[in-house]
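Below you'll find the structures, each written out as structure tokens.
The two complexes that follow have subunit A in common; it is paired with subunit B in the first and with subunit C in the second.
Right after this comes the complex of A and B.
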């Protein structure tokens, strides 16, 4: 198994090389890199500086090697708009997106799995139909609409939650990880932790609806398949209670496909929180990347694409490796 | 499922319950009212959710400042922040476009208009404690003007300097004359500065009042290097203004605090927080909810709601823009005044304002807004008159031939002066059809084709607009009709003024230093634009700014958002 893990980890390397090449190509192969990097600020003098800095007069392979070298040293260039190092901006925004995405996927798992289980256990009942209608709504509801509705109802009408941002005016938390829940806990400030959770609640809920619906549907279909197998019939014939059949015998086997779905949904949340981040003024990497695309800020776009791609690669790696732990029957040669 | 797994599920469920309890089980946790923004590990305490701190004005806007060095920004969001931090020699009077003293207390110009002497306010210090004096002023001018200055950073643009002062040091025209109107700055003594010009420039005082030409501390810029004005700068931004930077969480919030050593009236609210909230609807809901105290860029759909909400007050800024229909008068039939007049008479501007704006616009009669001096109050516009328009069209057709389908460029993107360009374009198309002019709407990509086509004269009939920079009529009229902007007269790619006499008048006006005489000249110019129908001004839009009803002290202004006098 160890050899499988080593091989699986090593297999990531060519994928990462491919990603680095594609992000490199984004800037260097499509059009004039000077124009792309300088945008409206293009001047011949500025172009000379850019050509030197990015070695644009070197052959393409040399430029690629230089690009990878800079990347490995943590240099992703400077933002065209703000002139700041892209890495510095990324470091500010990535924890916000991680915090939001993780909160959303936790909510999605906690809502989706029980719903799917109940729907499968009471197949074709009103509960099943209701759960699947809810799941359909979850997938169909546009996030921008849902987000605004949540703000209107829970912030504006009921006043239960703040409508936007990560922290209220007048409060900062000593920065450690950039994920304010962790930072507040580390500071031992439970009141601040509670405030952070309040700010996290609405955007995390809005973001969790689609993955929750997916997870519920996959759980249901996976459970239905398992519940129809012979060993479940045997368990029932032996007089095992229905609750024990579902919880002890069916669930673990049904969970396996879910791991893939949860992994992919987590990756999608990390890269797809743009609308949620915009509506809730959540200062994350999704909004940052989309703003960069509209503003032709190529170094930032490169960084965003790189982060999303690498995130997906590593989540897939974790999913693959988790199979080994989850299902001992799986053997890898 | 094993016992361990079950325990994990129970733990997760408890977590969800905790989140639920934190969120819904009791009244929301109090948010701090006046907790300092400085990092502290002390447990947070404070009052009620959804309320802004009493000592902080929280103002929502659509996007964060790109940078806090006014010399290198062009966007309104950055200037919203820098107006509060920096000052220049002159400034605009609250609510208007007239200039008044700021860091210069008085000034005089030589008879030839080439030398301007400014007496500086004494005892003023930058936020870093260094003195504001003549040396600092000269240092700033040299930094903007001289590309070899060590702090004229290579990849910075200084775009507004290049635009308003028409070039950098040592740049020359084809005939060898200096491009820039600015020749140099000299410290006469510690509190006197002399600016020398290459040619007279009447808008100088208006230009100097622009937010872009406010002064930074030389020591601060030298210390921070090219990181100056960014969150990585050390320091971030140092001016002489009523507020100074306390903390900047990029793309989230910028907290400003009172400059205790400010020479003028101190801010009415000790702290000012600018919150970036990109979605207009979310920002409005946050304002209604009391999470922010004021905001800009209200959705037109929400103006009525805001006006009806007794917790809010809506103020309309005096307009500083014009949306118009332009013609390339180098090409037939738009070289014929009767053809242009027919179009002007066939468009019902009042109906456009009534149906396509939410009470935040007015019909335009001139190519500059009424908030500017030089606006001709005596001018009578071409009134909407379809019969008269048809008569003008007959006169047009007597000398010119209209194409079977006139290509009409309708903007593919909304701008503040035309929030619904497609609908407006179709409305105008219908009115022209009623006149007897068939048009075909063209809406190519804004950046890559629409603007280049208009500027190169390929678009012969088009919609466009302009927002003013410095409150000077020259910034509107000469922009359109002096010949540098090619959209009104372009032949074979060469720009020229649509009317030579008007261009001469405008150039004379821009070199005249007597304000009364200038005013008269621009009033005359507006009359000429109208009489020759050089364009059809359609609307001036007044952007709304909304505050909580408890907030007072804001003066709506066409050129600036100064929040120093605002209290709550």
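Right after this comes the complex of A and C.
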């Protein structure tokens, strides 16, 4: 088992190298780095300086080695628009994205799993059909449109939630983790905590819809499969109540495929975060990356793409490793 | 209709061929037929756009008496109202079906062509060729798809063609995996060895023996893939990184009308519903086809 864990962790290394290579290639092979790095400030003189500073006249492998070397030292260059180090900006935006993504995945699990269980337990009932129609619509819905509709109904018409941003202007919370919910709790400021949650509600709900729909569908089909097995029939035959059959006998075995789905959905969630953050003016990595693309701020684009890809790789790693504990039936030689 | 019902039905002699059999099961699948219905309706809209819309999608009201046509609520003449430039929204939605179907079909065709070639090469040659290609595919899969597409568009510039390419490129690994799996599954079998012993070229093996087996999963993946491609391209359009104004594209229309949302709700509702309906059509078809064509998954649904 230990050797499996070691091998699985080591398998991440080539993928990480590949990611670094692809982000490098995006700029240096496909694009013109001089134009990309200088943006609107492009002049032939500035280009000469850039070529010297980034050693752009070296052969590609040497340039790649320099790129990786700088990256390992935590140097992702400076933003063209703000002139500040990209890493410093990243540290400010990353907690906002994690907070939003975490809230969304929790919501998706809390909504999707019970819905899938009920749909499977009452197979072919009105609840089942309703849940699956909803799930089908959920996976087909553009997240940016859902976000706009939520803003229209809950912010403009009903006025229950604020429509934009993470905090109202004027309110500050002592910074600790950068996730405002945690920071507000740590400061013991319940009033601020409530305001933070109100701001988080709509974007988290929008972002959770598609994963929730996927999770509901997989929970249902996985439950149906388990409910058809012999040991379930035995449990029913010896008089176990239907509730206990579903909750205690079936659920445990049905949940396993869900771990994979939740892991994969986190990738979709990261894609969705880009759009959700843009709509709700959420000051996170996704919106930062999109703004950088429209502003041709290439170092920032590179950092944004890199961060999302690396996050996704590590989530998949955690999912794979979690099987070792979750399913003792799987043998790892 | 369950598998048992189907098995008990008398079989007409003409439907004995595998293709005829599959077609009959597709027709019996309500999911697939609902999806086909939606897609058929959209295709009709896309082809007949010039005849069923009341205006050219770019015809605006700027010169018509101080924009009095702008931002009109839905009416008998303008079913879905008009936008801030006085353009008839219904006409633009109908023309948008053209753009979206074009995006979906083009990008998925590109992905299948490249993906199938890569998968076949990886499967046939094995060893280091296989390792290099499939690791490359793994790395592409490590990027959340929209992010990779964003990266590609960032470099190639925000244009519809680039968005289509980007959306196509990010889905190449899916098709490469399917074809490679089919190659590996078939190549070891006796009938393929026999065919090879008779002197069949790798190309012939691929087209005669491997592709027919890869076809069912490819069709399912393509149907679901077109839905995803349309969704992603609309997302790129919404971010201003795909289709550019004044093209009638649903994601772009959402972004354009966003500012007027508070008082003119229909401007944002209609394009969104159009995207959802289209994607729903392809998802329904894909799900229905998977139930019908993929015997391994058939047991899962009861």
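Going forward, the second predicted complex is superposed on the first by the 331 of 333 C-alpha atoms of A that agree within 3 Å, B and C clash if a C-alpha of one lies under 4 Å from a C-alpha of the other, contacts with A are read in each partner's own complex, and residues count from 1 in each chain.
Definition applied: a residue touches a chain if its C-beta (ideal position, glycine included) is under 8 Å from a C-beta of that chain, and two chains touch if they have at least 3 such contacts.
All values reported here derive from a predicted model rather than from experimental measurement.
Engineer: If we overlay the two complexes on their shared chain A, which of subunit B and subunit C does A:149 touch? Say first, second, both or neither.
Structural biologist: A:149 sits against subunit C, while subunit B stays out of touch.
Engineer: Quick one: classify A:228 as touching subunit B (first), subunit C (second), both or neither.
Structural biologist: second
Engineer: Return first, second, both or neither, reflecting whether A:87 touches subunit B, subunit C, both chains, or no partner chain.
Structural biologist: neither
Engineer: On the A-aligned overlay, A:123 touches which partner chain: subunit B = first, subunit C = second, or both, or neither?
Structural biologist: Once the two structures are laid over each other on A, A:123 reaches subunit C alone.
Engineer: Once the shared chain is lined up, is A:68 touching subunit B (first), subunit C (second), both, or neither of them?
Structural biologist: In the superposed model, A:68 contacts neither subunit B nor subunit C.
Engineer: Check whether A:47 is in contact with subunit B, with subunit C, with both or with neither, and answer first, second, both or neither.
Structural biologist: Neither subunit B nor subunit C is touched by A:47.
Engineer: If we overlay the two complexes on their shared chain A, which of subunit B and subunit C does A:326 touch? Say first, second, both or neither.
Structural biologist: Neither: A:326 stays clear of subunit B and subunit C.
Engineer: Under the stated touch criterion, which partner chain does A:139 make contact with: subunit B (first), subunit C (second), both, or neither?
Structural biologist: The answer is second: A:139 touches subunit C but not subunit B.
Engineer: Contact-wise, after the overlay, does A:301 reach subunit B, subunit C, both or neither (first, second, both, neither)?
Structural biologist: In the superposition, A:301 touches subunit C alone.
Engineer: Residue by residue on subunit A, keep only those touching subunit B in one complex and subunit C in the other, then list them.
Structural biologist: The answer is residues 144, 148, 151-152, 156, 278 of subunit A.
Engineer: Note which residues of subunit B are touching subunit A in the complex, please.
Structural biologist: 1, 5-6, 12-13, 15-16, 19, 22-24, 28-29, 31-46, 49-50, 52-53, 56, 58, 66-67, 154-157, 226-227, 230-232, 247, 249-253, 273, 275-279, 281-283, 285-286, 288-289, 291-292
Engineer: List the residues on subunit C that touch subunit A in their complex, please.
Structural biologist: 135-136, 138-140, 142-148, 150-156, 158, 227, 231, 234-235, 238-241, 251, 254, 258, 261-262, 265, 268-269, 271-272, 275-277, 279-280, 283-284, 287, 299-302
Engineer: Write out the stretch or stretches of subunit A touching subunit B in their complex.
Structural biologist: 41, 45-46, 49, 78, 81-85, 88-89, 92-93, 106-107, 109-110, 144, 147-148, 151-152, 155-156, 159-166, 168-175, 187-192, 194-195, 197-198, 201, 247-248, 251-252, 278-281, 283, 287-288
Engineer: Touching subunit C in the complex: which residues of subunit A?
Structural biologist: Residues 14-15, 18-19, 22-23, 26-27, 30-31, 36, 123, 136-137, 139-146, 148-149, 151-152, 156, 221, 224-225, 228, 267-268, 270-272, 274-275, 278, 289-290, 292-294, 298, 301, 304-305, 308-309, 312-313, 316.
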